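What follows is subunit A paired twice: with subunit B in the first complex and subunit C in the second.
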Partner chain A sequence: MKKSIGIASILIAIIVATAILSPNFLTAYNIENLLRRTALFGILSVGVGFVILTAGIDLSIGGVVCLAGILTPYLLTQMGWSPTETVAMIVLMSIAIGVLQGGLVAYGRIQPFLVTLCGLLMFRGIARGITQDQTQGFQGQFQDLRWLGNGRISIPWVEHFAVPAPVLSLVIIAVLSMIFLNRTVWGRWMKALGRNPSAALHSGIPVARLQVLAYAICSLLAGYGGLLFVCDVGSAQPSDFGNFYELYAIAAAVLGGYRLAGGEGSVIGVIIGAAVMQVLRNAITLVPWLPDTAEFAVIGIVILIGVLGDEFLRRYAASRVRTQTKGIS
Partner chain B sequence: MKRVLSSAVVGCVLVLMVVNGTSCGDAKNSPPRATPRDRQARLVKEHAVNPTAQPRIAFVTNGIAEFWVIAQRGAEQAGVDTGATVTVHMPAEGLADQKRMLEDLLAQGIDGIAVSPIDPTNQVEVLDQVARRTLLITHDSDAPASARLTYIGLDNYDAGRMAGKLVKEALPDGGEIAIFVGRLEQDNARRRRQGAVDEIFGRARDESRVEDPNTPMTVGKYTILNTLTDQFDRAKAKANVEDMMSANPNLACVVGLFTYNPVLALEALRGAGKIGKIKVVGFDEAPETLAGIRDGSVVGTVVQDPYNYGYRSMKLLDALCRGKADALPASGFVDIPAVTITPANVEAFEADLKKTLAGGAEKSAK
Partner chain C sequence: MIESAPIVRCRGVGKRFAGVQALRGVDLDIRGGEILALIGANGAGKSTLMKILAGVIEHDSGEVHVDGVATRLRGVREAMRAGIALVHQELNLAENLDIASNIALGREPNRWGFLRGRDLNRQAREWMDRVGLEISADHAVESLSIGHRQMVEVAKALSMDARVLILDEPTSSLSMVETRRLLGLIRTLADQGVAVVYITHRLDEVMRCADRAVVLRDGAVTAEFSKTALNRDALVQAMVGTIRQVALAETALSDGAASARGQAAATVRLQVRGLRTMAHPSESIDLSIGKGEIVGLAGIVGAGRTEVLRSIFGIDRRLAGSVEIDGRALRGGRPAHATRAGIALVPEDRQRDGLFAEDSLCVNASIVRIARESMAGFIRTSAERAGVSRMIDLTRISPVRQERMARLFSGGNQQKIVLSKWLMSDPTVFLLDEPSRGVDIGARAEIHALIRESANRGAAVLCAVSDIEELLLLCDRIIVMRDGRITGELSAQDATEESITRLAVHEREECAA
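And then the complex of A and B:
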């Protein structure tokens, strides 16, 4: 929890600044939008967190988002599958993708960067091939399934505000992830594996199986995220659906305190990291004098300032600990 | 040691000079270094003297979309009608991908290319390289500074004005308007936007007018708040409309300039419960847009005729390859005008579209 204080204060600072600069920022409608977007991107980020924890990387997220996002309307409208069959297919396919990639990394000893980069290209390519590059949409049907992405859960006695449905998915995923990482043996092993792989191996931890598990969780969440994204947006184009989403996911995870070298990170931090990205993008549209063209520049600058501030605090804290221990001895 | 090094350097320089000299000499022996425009004129003449029996011609799009599938049907139909070998290429990853495709086509020794340039101003060099080697025309989006023989398509400025007219009909008492588009680097997007803005503000035709798309402008009772781009990211396109609604509670009309923009505007409006309250004006014929016109959630859409972009550009290239130089219009522009689709004519248009797609598939399957 302490690890997330830095990123949480950045988020609060951005929220306060935007609220001052734009009177429309804190409206119920806008907050709903932000919660929905944070939940959608947050699910991808929580997933990639598992892989980063084991000192790996998953670049295939955008490809998996694309494949799942394309296949969902494709299976429903073109192949006539039922929503249950479709969701089951997406889940199984995503896990299979993760197991395949994780297997290549863990047992094939191939660099995760390469394996998942190939995945990124392959899965988008497969999506384009299956659909012959045609946009896939729900054609106004399947509102029940689409609720997962664009639904709203009303709160009793609250009139103008409802919780976007993807938030429910994110909360369930986040709670399960936290329980897994902090309360189960496998979760602790996974952290140990990231901190020191050879020590983990020599103390009898099933390193390879844990790696496969991490990639499977990541791909599963990417696939589920893709399903939610298409449910929200309503249609998907194979050539650009989910483009660069792997980078947004990785950035949110790193912002949230995950070290790319492995071993460290918090689920709450990742979700706050995802929120920072979405609030920033929203602020650029809402604050009248911020030019839209400067979007990525502003995001880059704010994140850099945040990371520098975080690093400074960390070193300061570490130096205080050092002086204190010196005093004791 | 130093001496050996310096003589080696001198030697290398000499060798380079000789190599350079000979390559210059080669260039002088081959056709003179004419401008790309001269080269195009010469190619047309060469074909007139020495017609190609079975031309191989290519149709290159600016991306992937249903729109281009309709154009593909037209291009393929032209191939069936003329006997030319027609190939259709859709770049998936933007500018660099399109350049690679053009280069690969040149490497194959293609007889003619019709291309929709993604970034006309900065692609002139690439297009001129193509023009040095093969017959080149542009379709859908023009690159007037390049050496292309002609442009086939609609005048996007006029199409923009048609969209502007729909906005004025939807908001007779004025109001706040926001414009959404994939990207503004493209000539067609820029001209559509300017045409719509000029029509809404009741200004005279001036295609050279350039204004900052992000600065709010008010003329009379109409205010144009902003023009937001999404770089073809659908989630972003939807978010743009949502954010505009957040920022401007009085937003009265959204204009979507690319196929998917009105579709995602509808999604955003539905989420906010503002269907019908905020007017939607669109471009192109996405099924959701047409359904929106039928149920009243979309005011109208301006549609192009992609089938004829494909058909007419392939017909023209085939004619030029077969030596019919007079097929080329003197104006350098083959106009394929846009049409406004409103509740009045949407049913007829849809029936026609279905027939085209089905008919095209049937014929190209032969």
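And then the complex of A and C:
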């Protein structure tokens, strides 16, 4: 919790600055939109957080988002599956992808960067192959299912503002993740594994199985995220749906206090990190003198500042501890 | 021969590590043209002393003189400039480069940053000829045998104008032929005026080639022999010494419990048959340990004790062999299987393998236990805290703060935390690798008491301990290993420091030069 204060204050600073610079920022419409996008990207980020916690990395998220986002309308409209069957298929497929990649990492001892980089290419390729690169849409049907992505939950006595439905998904996922990480044996072990993999092995912790589990959770959330994304926007183009989403997710996790070396990070932090990313993108569109084309440059700079600040604080804290306790072997 | 002035002279050199006095006032002269053998049991301080001379670490009391001038060797480069080079036991060569590049590493002949390959090879050839390395200089180091690598290291040291060449257990992984060649080489170098310091456990090699031998024990020089006075029994005597008084107090405490355990030991708890480890694939280990019995594994570094423990627990793959607990075969080769079957392992390197340094005492201590008392996978926090609290009372970890980060505790308390991790899960087979490494005598006695307590509750205990005094204190039975095989077994009553050392130390008369 204490670690999330830094990123939370960055978020507030960006919000205040943008609100001053653009009159359109604090409108009900814009806030609703921001919440929706934060929730959607937040789900991906929470997922990749599990993998980063075990000192791994998942670059395949964009590919999984694409495959799930393409398959959802494809199965519904082209194959005539029911929404239930479609969702079940997406969930099973995502878990299978995670188990496969996690298995290659944990049992095949292949570097996660490589495994998931190949995954990124493969899953987008499969999506494009299945659809012959044709854009997939819902053809105006399946409004019940699409509610998950584009729905609004109205608040009593509030007229012009409603909570976007993906926020509900994110809250449920976040609460379950926190319970898993903080209250269950496997969650405790997963954190321990990230802190010191060798000690985890020497403590009889089923290291490989936990790694597979982390990748499975990550892919599951990526697949579910892809489903929500396509439900939100209504159609998906195989060649660019979900492009760079893995990087947004990883950036949010890192901003939120996850260390790529593993072992550290909190669910709250990662969600705030995802919010920072989305507010930034929003600010670049809204603030008149910031050119839209500079989006990536601005995001890059902010992440770098965030990571540098975090590293600085970490070293400062470490040096204080060291001077307090001299002579520990 | 005329006594020349020593190149290096140590006077009262001392070094302290985190509460442990590794060296206490060592006097040592190192002279050119002489082979000086430095011997002593594990932890006697040999390597520490040599690391100080090679600039790897700094001494904190006493003086080191080089050529009669008091100096402080800060860093390996400075030692090198003074002409002192250390060849580590684990060789430090860049395996992907060829011999010539390794010899010249960091000092490559170049013009404006571009390598001059011909000069590189020509210079390397000179040094290789000097050590008698008759192979091409462009062989990749990874294709060389250990013996050849050793010679590359020596050539590299000489190329840096080393006048003092320190070899840390150079023959521990060499074949007979390679050993003979290396000993021949150092004799030649000594005749050319180089001072050779030779650290070894192999007394036959000392007898054969040393001009002088110095024995270290507990960080101090206990004996010095000239070539004519060298004598195997005297060397062993000087290495082992007599039991310290603090230890005696502990013995009194342990005697009663040991005899009580003697009866229970009749039923076999751990049975290992035909175990082959990756380190010594051609040797096979059989051992059985009774209920409540504490068995010590003795031997020098590299004897294969750690590998036996790791293979039983499943950290290392078992090439062959079976492990049985109470007559039931252990299924599955991973540590998770072993843990579920009730096996525990306290690893040798607690920082790397034992401790979650950034986690709290509570998380560390309960990490195994939480799985046993969970409800549907959920941690029962109150039970966890109560369990840890009981364990802190038992082990007397201090300070008593469950939330304190593990790395903030002292070495002895960290070791107790690692022990607690397993004690809390009440193991049936308790494996320990150097359980009192780097802890002071007080903490050691407490750790021994905890191990005995575990045995009294029926655990079969197997612990690798290098300190022979400690073995005699702690164990009911002692198994001695050498080069990956069991060379003998002694009961606690019959074992003496001398008999253990004899079984543990290499005796290879057959390869006299």
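Here, the second predicted complex is superposed on the first by the 309 of 329 C-alpha atoms of A that agree within 3 Å, B and C clash if a C-alpha of one lies under 4 Å from a C-alpha of the other, contacts with A are read in each partner's own complex, and residues count from 1 in each chain.
What we mean here is this: a contact is a pair of C-beta atoms (placed from the backbone, for glycine too) under 8 Å apart; a residue touches a chain by one contact, two chains touch by 3 or more.
In this text the structure is predicted, and so the values were computed from the model without any measurement.
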Partner chain(s) touched by A:R281 [first = subunit B, second = subunit C, both, neither]: first
Touching partner for A:R188 - first (subunit B), second (subunit C), both, neither: second
Which of subunit B and subunit C A:Q141 touches, first, second, both or neither: neither
Which partner, subunit B or subunit C, touches more subunit A residues: B
Which superposed partner A:S154 touches (first subunit B, second subunit C, both, neither): neither
Which superposed partner A:Q111 touches (first subunit B, second subunit C, both, neither): neither
Which of subunit B and subunit C A:Q78 touches, first, second, both or neither: neither
Overlapping contact positions on subunit A, where the subunit C interface meets the subunit B interface: none
Subunit C-touching residues of subunit A, taken from the complex the two chains share: 183-186, 188-189, 191-192, 195-196, 198-209, 263-264, 321, 325, 327-329
Subunit A-touching residues of subunit C, taken from the complex the two chains share: 17-19, 313, 315, 334-336, 338-340, 345, 347, 351-359, 363, 367-368, 370-371, 374, 377-379, 407-411, 421, 438
Subunit B-facing residues of subunit A, complex: 22, 24-25, 27, 29-30, 33, 37, 40, 128, 133-135, 137, 139-140, 150, 229, 232-241, 243-244, 281-282, 285-286, 288, 291-293
Touching residues on subunit B, where the partner in the complex is subunit A: 63-66, 69, 90, 92-93, 214, 216, 226, 228-229, 232-235, 238-240, 242-249, 260, 263-264, 267, 271-272, 286-288, 291
